[in-house]
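Chain nomenclature is as follows: A, B, C and D, assigned in order of appearance, with residue numbering initiated at 1 for each chain independently.
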Amino acid sequence: MSDLDFTADEMMTIAAARALSNDDICFVGIGAPSAACNVARLTHAPDITLIYESGTIGTAPDVLPLSIGDGELCDTAVTTVSVPEMFRYWLQGGRVSVGFLGAAQLDKFGNINTTVIGDYDNPKTRLPGGGGAPEIASSCGEIFITMKQSLRGMVDKIDFFTSFGHGTGGDDREKLGMTTKGPTLLITDLAVWRPDPETKEFVVRSLHPGVTREQVQETCGWTVIFADDLTETPVPTELELTTLRDLKARTKAAHEGAAA
Amino acid sequence: MSDLDFTADEMMTIAAARALSNDDICFVGIGAPSAACNVARLTHAPDITLIYESGTIGTAPDVLPLSIGDGELCDTAVTTVSVPEMFRYWLQGGRVSVGFLGAAQLDKFGNINTTVIGDYDNPKTRLPGGGGAPEIASSCGEIFITMKQSLRGMVDKIDFFTSFGHGTGGDDREKLGMTTKGPTLLITDLAVWRPDPETKEFVVRSLHPGVTREQVQETCGWTVIFADDLTETPVPTELELTTLRDLKARTKAAHEGAAA
Amino acid sequence: MAKFQPLKDAVAENLKDGDVVAFEGFTHLIPHAAAHEAIRQGRKDLTLIRMTPDLVYDQMVGMGMVRKMIFSYAGNPGVGLLRRVRDAVENSWPQALEIEEHSHAAMANAYEAGAAGLPFATFRGYKGAGLKEVNDNIREVTCPFTGEVLAAVPSVRPDVTFIHAQKANKRGDILVEGIIGVQKEAVLAAKRAVVTVEEVVDNFDDVHLNACVLPNWAVSSVCVVPGGAHPSYAHGYYIRDNAAYIDWDKIATDRARFTDWMKENVLDQDETVFETRVQKLKGDA
Amino acid sequence: MAKFQPLKDAVAENLKDGDVVAFEGFTHLIPHAAAHEAIRQGRKDLTLIRMTPDLVYDQMVGMGMVRKMIFSYAGNPGVGLLRRVRDAVENSWPQALEIEEHSHAAMANAYEAGAAGLPFATFRGYKGAGLKEVNDNIREVTCPFTGEVLAAVPSVRPDVTFIHAQKANKRGDILVEGIIGVQKEAVLAAKRAVVTVEEVVDNFDDVHLNACVLPNWAVSSVCVVPGGAHPSYAHGYYIRDNAAYIDWDKIATDRARFTDWMKENVLDQDETVFETRVQKLKGDA
């Protein structure tokens, strides 16, 4: 381990950032995905194209947006298009390589629920709903998911299929006529997961520094499979950590205060 | 008759211009309709909205465009939208009150052919085709048609239904599910025609000054019906004539020469 | 043809009890002032449409004005849940709320189809998605060339749409810039449209040839309400009041606190208060 | 990701015999220079798509490069017929030309659907129109909500699209302004896209937020060809050479005169001639 101090949250964001490349066209969900995408842009992937569903294409915000439509996104974008155009030409048109999503509930096949806890018609908790996720999940070349582990979040059976991952595994996507890869990566605060090529069930490929198998299992509602060649996630570099912390600090200042 | 000299062509354009009102949203075909629409704008209807299918909304050209997409149309427009938006939101959206069309062949029910003379697969003459006309004819609130009379142009039976007028008359439009009025006015170089309310066959309502019933019939391929209350088209006013001639002179100079 | 009039008159003339209404704005240019006027006028039995119902719909639902909500993301963006909407859905307070839920793609396409005068929208969506099972307005069409089965939803056709925009010119043409969302579509899909603007300028001669401009004949009423999008923002005028969005989460948690806040900040005010609210947000816009 | 390269290389790399190709431009920004390069390279057996095939398609058809043409208005705008197209259709000279004919609304919707990745487009059109009887690619879909029967056409998905635009920036992003036609759709609907531009500028910082910009990753090749739209025009650079359009009508009337003109003005030239041709047209642009 390095002598750098970092939180599990920071490790999660940085591990997620590393998954993105300079050539990616990335459709960014709000929250954790937004931080990861911008850390990627500010470190190893300066030319990555970030797209937010508000219509902003090729944005380079100096602070993280609170909403997906903050003015900062538009000011720094290559262009800003209408929302119908965004969903028709850019997302459905098949021009996005990676969709980055968060999740309230997730199962081991990458299916996501952000709609309701409990029954749809008589919900225990009404969540915000899917927004762009149902079509992000089917139209992007592949899907990265990032979320903090918890028994409430990583469950054996999600209450509602907001967006489709690998269904019940195997070739479920192909059966529905989907030609995109679906979830290919899950980054939590404890580990990096990838689906098994056959079953499509998430398998832990690396544990973040200091994390044990037991911690991963205790915060996950399904029986976790660990890769035979399980490795340790490389610790954050100083550049990665500084970039993330500066970004968070700028963001906090911008959202708490009013205008300069 | 007035002591003003004017040609049959000028009378046609001016009679057509008079049919347009200040509140009209007018989809302008090229050629004769374009001259009439702009004479209306430059005389009694200064606030008329002229739309060309190139995407220019609310144009006020100083010279008549040669094509439907001259730069002048864009420079003077309230806004210029993409062609898909033009056809989807503005035309199909039902926001155009009058569509103004010319015709190569026309029948007595206002059906228009600008596609082929002869058989479609083995044409005697291949014409340019419909362009925007098929949907202009069905989507605009009503249709005005303007053309010079000739036995070749005003025929008993058109060779091809480029755009639908009143079909075989009566309620043919309703039968096809159309809710717009279709052709309500025909202005030729000899007369002003309107469809009979029941049969939908064009009836001559007024003869241009100096024109006889015989002249109208000799240049028309169907048996012409004249209104019981047939009148004479008012002669062009000096303002109308001057406006049209100035417009034509500016246009000729602009199209023959190169840039200033 | 657009007429310039006070917001009070525009709302009274254009919004009726039982209407299907969209107050649109995709995080940017949300017509808060117009929505607050509708709340003051006490409209009832409304069907609200919006991709991203946020604070104003939370407020209208909490005030008992809403029978049904058609939407695709009912959250306080970046903050969390809409607590008044949640209370209505989970506990029928202050009254039951019927919901028709879609994805963003479906709603964006439905507005587009509405603007295009079509009865439905087609898109490649809802594959494997649970909303298909709970929303009877998600159906299918088959491509007559390839046989591919695509999703279909009814077009959105509001009785009236409210939007906020940056500028009108003296003729009543409207300019929307920046994140334009589905505002053009929402206006063109509606029978009537009311636009609040930051200011009126002489003309749009300096406006880009292809800017998003709505001609005056596509709009019913134009009302000058500076700051009328607050706590949303107007690009070029003032920035988003992110702190207000974060605060709302606390206000809306509690029914009594919500009711008090609405009285003080909405019912006992008029639209002139918006200009004051954005004063401190003008620096960086 | 766009690469900057000479027009000759871009055409050679992107346009193959037998391709389905769109040289788009709605009277404005017609990619004449790119089409002339394609003529010089002697491509064969092409399927040409365009709403308004005008001079360049008349020329390509007359040079025997075209197997099929998909279009909605085959005229010389404001002047008359396309005489080489007519000669091919009526007399099979220099070879037979298959045509697939649509209305503008159908073609515009077909490009839109192509850009949107859909297999077909739906619209309310072709009511009572004769094209339905002669074009098997005009079919129907039924609204699953209202039962209304609408028209359907296959989406346009070219192998390659060529457009001309005003500017690229150094990153290869493309700016199109003025009458933007269906250029964005034509590029996004295609597998590959080649863009000729008037000039390259450092950046687009002064460009309107909502201007029509194609990001560099949506384009294959960018070629700097000043004047490359002539005798069409580039808004802000030079005006339409209306006299050249009127002249074309005489040139194209006669097969021998056409052939001579093509040799002198196209085959024996290269793209640098376009800059010279627009010199006299720059005054009023």
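One rule holds in what follows: a residue touches a chain if its C-beta (ideal position, glycine included) is under 8 Å from a C-beta of that chain, and two chains touch if they have at least 3 such contacts.
Here the structure is a predicted model, which means the values were calculated and not measured.
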Identify the chains adjacent to both chain B and chain D in the sense defined at the top. C
Report the inter-centroid distance (CA atoms only) between chain A and chain D in whole Å. 40
Dist(centroid_CA(chain A), centroid_CA(chain B)) in Å evaluates to 57
Rounded to a whole Å, what is the gap between the Cα centroids of chain A and chain C? 28
Quick one: which residues in chain D touch 2 or more of the other chains? 112, 116-118, 123-124, 148, 178, 180, 184-185, 209-212, 235
Which residues of chain A are in contact with two or more other chains? 74, 80-81, 88, 92, 139
Using the contact definition from the top, classify how the chains connect: line, ring, star, complete or other. other
Touching chain combinations (by label order): A-C, A-D, B-C, B-D, C-D
Quick check: in the complex, which residue numbers of chain D touch chain B? 26-28, 51-52, 71-75, 77-82, 85-86, 89-90, 101, 103-105, 108-109, 111-112, 123-131, 134, 148-149, 178-182, 184-185, 212, 233, 235, 238-243, 245-246, 280-285
Contact residues on chain B for chain C in the complex? 23, 25, 49, 57-58, 74-75, 77-81, 88-89, 92-95, 139
Enumerate the contact residues on chain D facing chain A in the complex. 1, 112, 115-118, 173, 184-185, 188, 204, 209-213, 215, 217-218
Inside the complex, what are the residues of chain A that reach chain C? 30-31, 53-56, 65-71, 73-74, 80-84, 86-88, 91-92, 115, 120-121, 123-135, 137-139, 160-164, 167, 172-173, 176-178, 254-260
Within the complex, chain C is touched by chain D residues 116-120, 122-124, 137, 139-146, 148, 150, 152, 154, 177-178, 180, 208-212, 235
